[in-house]
């Protein structure tokens, strides 16, 4: 049994609070157990310079991620002079994943910024950011549809993410921080609502892993990701 | 009458939520109307290099402040390569104010970090940061006393802050963003529980002001600051 | 009596040398006792990007401030990779104060740069910068009027600044460095020629202060600021 | 058939030139078709500050990666003020992969720097960097064993990497730049000599992918990675 | 006799490998004994902002220089956050020298980037960079002439560079690293094919030098530079 | 005749004002015609980290150089985020030159900072910086000798610098800005009091130069540098 009493194939309690913030086009607080990430989707009426230069039609989505200094038991240094490699990896991952959910041509010459602020970091913050960002994006899209900014829903397929790992020889879903810092293998799976893969990242932290273990992790992820997507699609705005 | 129906000498609804975060020594969410700032107080077991070099006894308190990108109606650019002059001014002000509340010798060779994350910015965020930071500091001190880290309460005098201004010829308390961006004169008053001044900052934004107007602003601030201090001291942990 | 023999309500010897530099539109060296600041006003034929974007009429004034490394008894590190919080605060203050002296619409689509180089720092450098910058600005305006660049004098009201403090229980005017580093309370008062306030900044360095002390400081500032303004207006170019 | 006449399960011509450089402990030029990466392994007699602080036994390996400006048909801007997110991701990946090949305790209190300079970039540079870095590491280890710096071989398991993708519906091995920029799905597989996974990274570039396609990619990678490992282990120093 | 058996007026073995890289317009590897520098000349269809602003006709040439970390016996730190003074001096020197070889009006509104990557650093890298850059430039010009990008050869006079020094009282040509780090005087001479000077830099490292020594160094440089220019002009593309 | 009526072999009016600043160990204002540079020499009781690491005996001298924004007719941008290549070259040159004047072992484990602030820039600022820095250094040394900080004079040989050029076919001494911006060839000569060379820098700006022209420039420099050295040595403190 796991440190918090869960079974290996069980996620923590996952909760979404839509429209947590006053000003962004869309926003959501997402909780995976004690992990809390505050996500916003802000729509701006311009595209990045490289798109303008290429005269590419449609728009863009980009993501930023940050842990607030008080989100960890030891204070995290604020990234005010340069962004760490870890942060960059995460915001690139969140951006790629959410772009895959959109038909970018349908949002017009706009940029959607997904901002993810980690308020409490107890493991799985990058997956929570994808999920919270997806809900903020849904709400921003609904607002844009409601006020006539766009005519057609640009979301082609919802996505969600879950972390997994091998801890003391056992494949487990949705690791909390203590499990994660102890894991032999660490994996993030991002899938869409058709049950296909958007992104797989698996890393041997302490030992390598084989085909059988990979298959077991992928199978564990599949059902739970589908459930999270269902929640994101249906939670009341 | 003001745009939100308040009288000139009335603050917005002020609300404190203690211990909003899971990990810091102390934390608090503070709301001034729609303005929301999440404050934490994290205690670390080391002092800044310049104190070590001077072999100064006691500890230090420092503050950081940031607006999350989604806190404003137009997205605020994240400060990841350098901190703006405005941000630096605010974090220096918050730090000075809260250091004045402490007997730094009584906290031992430690640094207390006050981190202020502005979640919603509707005016008055620097004053809200001082108030929320004061509560987070109180809670951190209580925890340190409870677990024996320190033996004696280092808080010598609670402080709180309120903004004021002259808007269309009238002196008003606790400006919201729309009032603030329209103000002729802008002022921040920070006082302690003895009713003395810790910091005064008054700026002629559109026109200069005279002794009478200054006196009126100071008098308006006095009562309300005392009320906020009372709340910070007594809100249930 | 004070360390240099002055009375509490006495400034140091204040001296202005107009047109100290060869190239800027206007320039002045200002001395407050041993403190010396070299100020220039350079007029450029363009406005900041944000003004262009907003198609705002008129121009802008901005200020920069720097202490040369040899201006202090211990060498000051040159700020070549980032500007300290203190420097930013000062240059923002100088800029705000001098903008308040100008009708910005009357300078046309131009930017006036006020540059303040502290050659010797013996306290009061930010106030000296405001005063020296005001004279450099006056000289630049006179040159622009003389050569027909502008048709009408844009200076609406001269400004000047003085520092004050409470040192060992006594309110004193125009602190030198040794007094300043010992002060309980530190204040900067910037007023215009109408005798109104442009900016007040008072900080409790070692102890808080009360209404009476504030009143005493403001009264002390009033007469001397008026004298300095008179000098700035009348010193021979 | 592919643009360069290869079959889908065929790599480009892979060639290693050991000891290309004069000064590093170990070095190698690696070529995957027209892609060329120059790798070095430099051993230094110190560990990173965080290891010293934790008094962790053993050593560390870290990697840096850079494309020279002339490595691409349009000149690549040199990264002299900050490292891009892409570069950071790659050097973190190379570092993790090669650390997994080592028993870090056996290298003593040392840091091994793997530096990868991309001279010609025609796709697959991160995988080539892992492979070239592995050979440079082998040669550095052999030198350290020969001169008695270390007593025991610290390489626990050789690793190698290959890129794969789905291009126009077909799973292909070792994409060149033109194939890569056209791929629906992009994957990097890093395995060790036991045939286990060290790192998997699969990204949906233009469309999502399913279990069957994943299985096909993994199977294609397996044989070729084993061949490359064999070459790295046996190429004459 | 010198440490590698050369006579004082003898250069090391100098070798050029044209077109070492796959993608740039022109490229060359140059070797001065164990020193190896990889140079490329990339032509881009735009001029620097300051030229555009001045509407200056013709084009520009600029140079960058970098030592790879593995080019020295102790690893050289990669310059990823700022460029050192030494690097800046060298790239400015290479740029100035090669611009002097060109009639910039004849290259049209283009910028030619000369990139110099030092692979092995055994002294004389800045002179090798000028020579290798000159060959890369020649090859780029020949390509531009061949494909009709330009109509007329813009090279007005070939240039080459050699280092010299006074070591233990003797004037020597083309110092290797060990000689260089021991030199009393260090000199770089850049001349054109007419036998005139383009740039002289002589520095007293350990002692000053007199007219006679200067004359001796200049005379030694003259013949060898002419030989190197001849090679650069005639080496088979 | 030259634009300011001088003969080709004549310098501008050169003037030194010793001890211009209140706080540094030594300081001097130097004027070459309209060019004015304020130099200080500050002695600190520590050596650079690399000297400490090498346990090298003696001390160090380093130089910094800056043009104030108002020193030129168009405002010079202040270098607050990075130092330009030109500035770095100049401060390296000033540092090398003045180090050559000192026996560094005789100053003890100290660092002397030479700071050069260009107040008015009318050509020749780097040479003026060397000369003004030499006087500031002399004064700092005299102070250290007087107060017993050091026992023996560490100045082994005074140095001074002059600029020269070829303008419209004529070799000229000490170019002013207008001459300099028009020069075919630009040269800086730094010599010591023995009449030997410390540093030569000659650059073909618009055309190359030959042996005869070089000889003419060197001869012109010799007498004037000797005169300037004499002034620096004898000007009354």
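As written, the chain order gives the labels A, B, C, D, E and F, with residue 1 at the start of each chain.
Definition applied: contacts are C-beta pairs under 8 Å (C-beta built on N, C-alpha and C of every residue); 3 or more make two chains touch, one makes a residue touch a chain.
Quantities reported herein were computed from a predicted structural model and do not represent experimental measurements.
Visitor: On the document's contact criterion, could you list the chains that touch chain A and likewise touch chain D?
Guide: none
Visitor: How short can a path of touching chains from chain D to chain F be, counted in steps?
Guide: The distance in steps between these two chains is 2.
Visitor: What is the chain whose Cα centre is as far as it gets from that of chain F?
Guide: Most remote chain from chain F, centroid-wise, comes out as A.
Visitor: Same or different: at the chain D/chain E interface, is the fraction of residue numbers used by both copies above or below half?
Guide: Counting shared over all numbers used gives more than one half: same.
Visitor: For chain C and chain E, what's the span in angstrom between their mean Cα positions?
Guide: Computed value for the inter-centroid distance: 51 Å.
Visitor: Using mean C-alpha positions as chain centres, tell me how far chain B is from chain C in Å, no decimals.
Guide: About 28 Å, centre to centre.
Visitor: Taking each chain's centre as the mean of its CA atoms, how far is chain C from chain D in angstrom?
Guide: 59
Visitor: Multi-chain contacts only, two chains or more: what residues does chain C have there?
Guide: Those would be 81-82.
Visitor: Which label fits the chain touch graph of this model best, line, ring, star, complete or other?
Guide: ring
Visitor: Starting at chain B, then chain C, how do the chains run round the ring?
Guide: One full turn from chain B through chain C gives B, C, F, E, D, A.
Visitor: Along chain D, where are the residues that touch chain E in the complex?
Guide: Contacts found on chain D: 21-24, 27, 34, 36, 38, 40, 42, 44, 64, 66, 68-75, 78-83, 113, 115, 117, 119-122.
Visitor: Going by the contact rule at the top, pick out the chain E residues touching chain F in the complex.
Guide: 82, 85, 88-89, 91-92, 96, 100, 157, 191-192, 194-204, 208-211, 214, 218
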